[in-house]
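First chain A sits with chain B, and in the next complex the same chain sits with chain C.
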Partner chain A sequence: MLTLTIDNQTISIPAGKTILEAAEALGIMVPHFCYHKELGAVGSCRMCAVTVHTGPMPGVKMACLIAVEDGMVVTTGDETVATFRERVGEWLMLNHPHDCPVCDEGGECQLQEMTISSGHGIRRYQGGKGTYTNQDLGPFIAQEMNRCIQCYRCARTYKDYCGGRDFGVMGSRNRVFFGRFKDGMLESDFSGNLVDLCPTGVFTDRTFRFKSRAWDLEQADSVCPQCGVGCATIPGGRLRELQRVRSGDNPLVNTTFICDRGRFGSGYANHPERPRQARQEDQVVSVPAALTALETQIRATVKQHGPEAVLLVGSDRASLETNWLLQRTAKHFGCRVPVLNAHRQRHQTAQMAAFDLSERLASLQDIRSSDLVLVCGVDPLAEAPLLALALRQAVRKGGRVVLYDPRPVELPCDADRVAVSPLALQELLADGGVEGRHLRDLLSQAKNPMIVAGADLLGLAGLQNIQKWAEKTSNKERPCLVYPVLAGPNSFGTALLSLPEQDDLLTRLASGKVKMLVCVDADPLLEAPEGERFAAALTRLEQLVVLDYLPTSLSRHANLFIPTCPPVEDSGTFINNEGRLRRFQRVLKPGLSLARTAPGEHPPREFSLDTPGSDPQPAVLLLQRLIGQEQPLTEVHRQLVLEQPRLAALVSLKAGEAGVRVAPAVARPHSLDPLPEQPAQTLELVVTPARYGGDLFSRYAPKLEPRKRPPCFYLHPDELQAHGLKDGDAAVVETDFGSFTLPVRSQPDMALGCVLVENSEAFPQLIPGAGLGYCVISAGGANE
Partner chain B sequence: MTTIESQTTSHLLDQHILADFIQHAGEIEHPREMIIDVLRAIQLHHGWVPDDGVELTAAILGLTPVEVEEIATFYDKIFRRPVGRFVIHLCDSVCCWTRGADEIAAHLQKTLNIEFGQTTADGLFTLLPSCCLGCCGIAPAVMIKQQFYGPLTPEKVDELIATLRQEGSA
Partner chain C sequence: MAVKSNELMTINMGPQHPSTHGVLQLILELDGEIVRKATPHIGYLHRGVEKLSEHRTYHQVIPLTDRLDYLAPMSNNLGYVLAVEKLLGITDQIPERAKVVRVLLTELTRLKSHLVWLATHALDIGAMTVFLYCFREREVITDLYEKISGARMTSNYFRVGGLSADLPAGVEQEMREYAEGMPAHIDEYEGLLTGNRIWQKRTIGVGTITAEAAIDIGITGPGLRASGVDWDLRRDNPYSGYEDYQFEVPVRQEGDTFARYKVRLDEMRQSSLIILQALDKLKPGPILADCPKVVLPPKQDVVNTIEGLIHHFKIITEGFKPEAGEVYQGIEAPKGELGFYLVSDGSAHPYRMKVRPPSFINLQGLPQMVEGRLLADVIAVIGTLDIVLGEIDR
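Showing the complex of A and B:
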């Protein structure tokens, strides 16, 4: 620790920190632009000038560049630097328009704040200002180059941090332009970060333009529900509409970046088809009446047919509290334990992560500083976008990424990519011969090795082998950590809560004993494989009850439907891929947005005590009412921790915090089954979530439409030729789950012997994570 | 190796040179370092670098167009707009200034009847300011087609322009 004095205050701080960071730790704000804690310092804006009074070269220095030294004496507000900063402020403002009152950034503009804090207030420059022609950067980002102060943060964000290659800095000196070669949508899946990182109004959220002033928004610390990474977000809403999402700050998970799917994929909260009223057999009923009916029905069914007759289903997108209350509800009514995840295989792999791998889980922070990451069976941009950014940071620091996957995985960084079929990958992990030994040697020799394991593609057997690899390549000095990529925002949590006796959904439905099915924030038709078997089982039910906030088809089939709230309208907890408890806080109350009730006009002149469309309630509250135990969330957490001591951190957890890991469990013993033989004359079937529309939330996000792709089967060109097919032909693919006709596309970067298809709203029939699958492809259209 | 359709590029590069660039780009570790060479070759062949010239350079080197454009727009001797047959780069740095570059600048503008950045109506001359050309010994100086001329006086400028006009009309 080094001790220094800044503005007569003394601080001890580790070596390697800068004066700016030391001042920040003391609560002294030194104005700055180009410095950003994730992008680092470049010392180009000259705004953070301070006076260093000690050492061989005293004088004006840039606080972001100078490392602290023992005994250093610094002043941040003396006349020399105050004047210096005022001049810098004045100079930065030379070309800047005076459009603050109408600027989209107004109210959350760092330039505004820093100009004021620099002391510059009166314009002396009377000359002409530089002006620019703006580009059309697509539907997500609006550009207004006249406001640019050439701090280069956008280029450092888009190119350096996120690895985008279609955005750059053009021109020189006072003609510098930040943009694309030609008009068009920014291609990076992280383009939205320009909005957060630009310190002024050059890059703003086009989807949020002209909607609200930043200070009018209702905002709260939340967690993105759109994959298992669990990024910190700050959604903002007004007039009962979720208007935008920006990145929060979680140094251990996403730092200050989020992906475009999370940022622009929030349309589900205000989806026009979102069910907002309780329904019983096509009749609209009040929520209390629906709850009473539900209670009566559950009691009657259990009484008449026994505890097996009522089956409660939770999901990996429902909060920890909701899933736990489902278990409570089952106990209360004397039903058998609920199924917390309708997708059997995903549930098993999540349990593998929650129990067996829990001692050796990596965080994204760990991955960012790893020197060797072995990525197995993951397409990060589709399954966990921020993981792709973490891999890039590892590579930027000199690390190496080795990737094994059948898909044409794109990464925003260099990687040693090997295209292998899922079966070949399983064989590699099971032993792998020379190649397997080579990879294990690499991991053993690395200083800080990590394995990223895709639960969907590897399945239980694959993850078990990954665990063995990690054990074998760990040593006394350092462990080999594993980052499992799970499907849902709370896959880890649901797995941790679930009880061994829960069985899987289809087994229990097939027993014929289930008369009543209650799905809470779950749609097994869309979220679990074997949808046909599930649909058939539905017809044998007497009662289907659905509590959900998405307009899924299951909610339309329900005999009894009760609307719930998405995470932005609820408070709760998710446990992310790395076993970290992440609390989200309510941003908005439910209600039909004013944009819907009064499109562009005066709000309706109808007077009522209720907000239109405000019937939805958080699932936790509904379940509490159902069992007659309304308690604050803190009490729920206290009781939950009593049952699950691993979740002890839950009690003191706060929204906006980095979050605490669940306590590790002891790995369970398990035996490995031999790999199945591939049936002759078949190709391996690889089902992957689409980058946009793969998760259920982004299917109901209209803003994401421009990024969605039509469904098709992808094959290696050699495979196409072998089957007498051409790029663009229609083909029939026969699978265990039915036969499907789609166009085929040639994809030279994927593995041989595979058919790849993306699961999205346009092709929801095949669900990822169903295990090794095989198919037969033939020229198609004949059976249509 | 990169394959590029020849009929769409013949106006930008000689096909042999194109083939050489493609081969060389495949042999070196950082093809990015060839950006200026390719752009200059296109400029030599086509007179200036149009958008498809930037795209061709990107295709040869395995880069995105904006990565080439960043370099192309940084250097004032790569022309991203049409220029005249003779581009006059007049040095505006300190040695030339002390030796009367301002007078030469005014004279050039008057003689050619254009301002800096413009091209004469006959398409013969484009007048551009330049940072130090590195020939302070013959200040004030201009550079035309990689040839230096100086020390200049208004009379010598007239002679030079006349010679170039003659060459241009020949």
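Showing the complex of A and C:
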């Protein structure tokens, strides 16, 4: 610890910290632009000048660059540096356009704040200003280069931190330009971070352009629901419209970055087709009437057909509270325990993560500082985008990433990528021979090894082998940690709540005893495999009840439908991949947006006591009313902790906090599915979520349309040739779940012996995570 | 109707009554024509100005102050901006021209306020002509208000650090002519009233209050000085450069309605002199302090330079943030000591904004002024107290 004095205040701080960080710790604000806690310092803006009075070279220094020394004496507000900063402010203003009134950054602009704090108020320079020609950077980012102050934050964000390759610094002297070689959509999946990181209005959110001033937005700390990473976000809404999503700050998870899917994929909240009224058969009814009908029906069905007759289904995108209340509801009406996740295999792997692996879970922060990450069966950009950024940071710090996956995984960093088929990957993990031993040796020798395991591709068997690997390669000095990549924002939470050895949805439906199915924030047709079996089972039901906020087909076909609220309109808790409890807070109240969605449309011109479209209620509240126990969330948490002592942190958890890990638990017994034998003449079927449209939320996000890709089958060129196919041909693929016709594409980076297909809005028939599957491919069908 | 002689009759006066000068309600207990007890009921004009201020930036509070004593808006503006300037510690940076214009306009405002007082007070007692004369003169000031601030009543003219705009061309001459002509007008009013026997009968010895009682209640302004207490904040605790002006503080000993009438008329003569002195002092110069972090930049800078635009943008949308602390600033408003107490918690909004309105405190003298007197004297006393309900109820 070094002790130094800043503005007559003394502080002790570890060596290696800068004066700026020391001042921040003391609560002294030194104005700065180019320094950012995640990007580091470059000393290009000259704003953070302070006077250092000690040492061999006293004088004006840049606080962000100078490391603290013992006995240092620093002043931040003396006349020399105050004047220095005022002149820097004046110089930054020389070319800045006169456009705050039309700039979206206005009000949350660091340049505005720093100009005022620099003390520069009167313009002296009367000459002309330099101007630039802007580029079209695609539908997400608007560029206005004239506002640039050359802090290099954008290039450091896009290239250095996020690993983008199509954007950078061009020009020299006073012609420095930040952009692409030519116009075009930014390729990086993290391009939106330019908006957050740019201290002025050079890069602004194009989808949010001219919609609201920052101070008019209703904002709250939230958690992104679009994958299992659980990034901190700050959604902002106005006039009942969710208008933008910004990154929050969670140093343990996403730091201050989020992916474009989370940032621009929030359209589901204001989707024009979002169901906003309760329906019974084809009649619109009020929510209380629907709840009364539901209660009557459940009671009557249980009375007539017994506890098996009513089946409640939760989901991994419903909050912890909702899933727990579902269990309470089942108890209240005397039904059998609910199914918390319709996707059996995903639920099994999530339980593996929530119990067996709970003692050795890695966080993204751990991965960022790891020296060896073994990534097995994960396509980070599709399944957990911020994981890709964390891997990049590990590589930037000198770490190594080894990746085994059948898919043509793109990473924003260097990695030793080995394309192996799912079956080969299972064999590698089961024993692995020479290669497996080599990998385990690597892990054993590493200082800080991590294994990232894709639950969808590896399945229960793969995860169990990963656990064995982690145990074997841990030693007394350090453990080998595992980061499981689960599918939903609350997969971990639903798994944690569930009872061991539960029957899955299809088994229970197949028994024929179920007369009434109640799906809460769940659509087994889109979120679980074997949709055909499920659809067939639906026809045997007497009642299908759906409580949801997405316009899925299941909600349209329900006999009784009650609208619920997405996370931005609700408060609750998710548990992310690393077992971290994350609280989200309500940002908006439900209601039809004033702007509606299409031009010319307008909310209904009718007088009513309520806001138009404000019928949806949080699922938690609906379930509480159903069982006649309305309680505040704090009371729900108290009772939940009594039942689940692992969640003790729930009681004191607050939105915007980094979140607390759940307590570890003992392993659970699991029933392993036998690995199916590969029939002759077949290829392995790999179903992967599409990068955009793979999760249900981004399917209902119109802003993401430009990034969505048409569905097709990907094959290695050698396989194409072996089957007599050409790139672009139509092909029929016969699988256990039916046969499908799509074009084929050649993909040289993927494993041999596989057919790869992306699950998305355009191709929802095959669901990832259904275990090993095989298929036969043949030419044919019309090429659409 | 036969009323037993020992039984009091309770009657209600106001809030809708032409002589209560706004929405004042008095519950009077009468023994025949003698007032035994008078209880003022207030709050009919409560708009929550103090609470509203807690959710506004410091600049956004200025228009609210217009609506306190709406007969003297510039005085309210001055009291408030002086308090904010004190909170910011920029009191000594206010440019000379701004200080002189502030004195000039608040003295003009004193005339404006006193003219309404005299007009309505005299009308209540039965003198119709004075009302017309006073409003004739007040109209000139209202026109000047309009030329200077754009509004005839709600001026919103002073700013933290100076003025919202410079004086328009030509108003200086108009003000000079007006101030020079004012003593003759005052003579005219006095000719109609001072020697008038009805006026004397209705005012001399009516609504008397002693110096001790006035001090106990906290009465300030002409009401205090007419009871023999020589106290005027402009002289005894000067602000905005009042120490540089030569003027007398009129004092009388009687403490009755007539004494207050004379003190106010003498004050109007003094105000005319102060206006002339201020006009002599008025030199071209800046009208806003050079404190860019808190003072709104001049409009031409906002329109022409990015620096001005940024400062304007941030001060308007977010507001400046004074350091945590508290201040009190009182000024000699036409009706007495108008005080603003501000508490800052370091945010862009006042944590607390408390107004000490002179009318509210002066009104508390009413019961002892009227109890034991005739009902008709209640009208005279309300007039002589010179209350404004906008300020009492806030």
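One rule holds for everything that comes next: the second predicted complex is superposed on the first by the 759 of 784 C-alpha atoms of A that agree within 3 Å, B and C clash if a C-alpha of one lies under 4 Å from a C-alpha of the other, contacts with A are read in each partner's own complex, and residues count from 1 in each chain.
Here is the rule we go by: contacts are C-beta pairs under 8 Å (C-beta built on N, C-alpha and C of every residue); 3 or more make two chains touch, one makes a residue touch a chain.
Everything quoted here is computed from the prediction, not taken from an experiment.
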Partner chain in contact with A:T115 - chain B first, chain C second, else both or neither: second
Contacts of A:R165 with chain B and chain C, given as first, second, both or neither: first
Chain B versus chain C as contact partner of A:R180, first or second or both or neither: first
Contacts of A:R213 with chain B and chain C, given as first, second, both or neither: second
Of chain C and chain B, partner touching more chain A residues: C
First (chain B), second (chain C), both or neither touched by A:H53: neither
Touching partner for A:G107 - first (chain B), second (chain C), both, neither: second
Partner chain(s) touched by A:P97 [first = chain B, second = chain C, both, neither]: second
Chain B/chain C common contact set on chain A: none
Chain C-facing residues of chain A, complex: 93, 96-98, 100-101, 106-107, 111-113, 115-117, 119-123, 213, 215
For the chain A and chain B complex, residues of the former touching the latter: 165-172, 177, 180-182
Touch list for chain C against partner chain A, complex: 292-293, 297, 301, 304-311, 313-314, 317-318
Chain B residues within the chain A interface of the complex: 51, 54, 63-67, 69-70, 73-74, 76
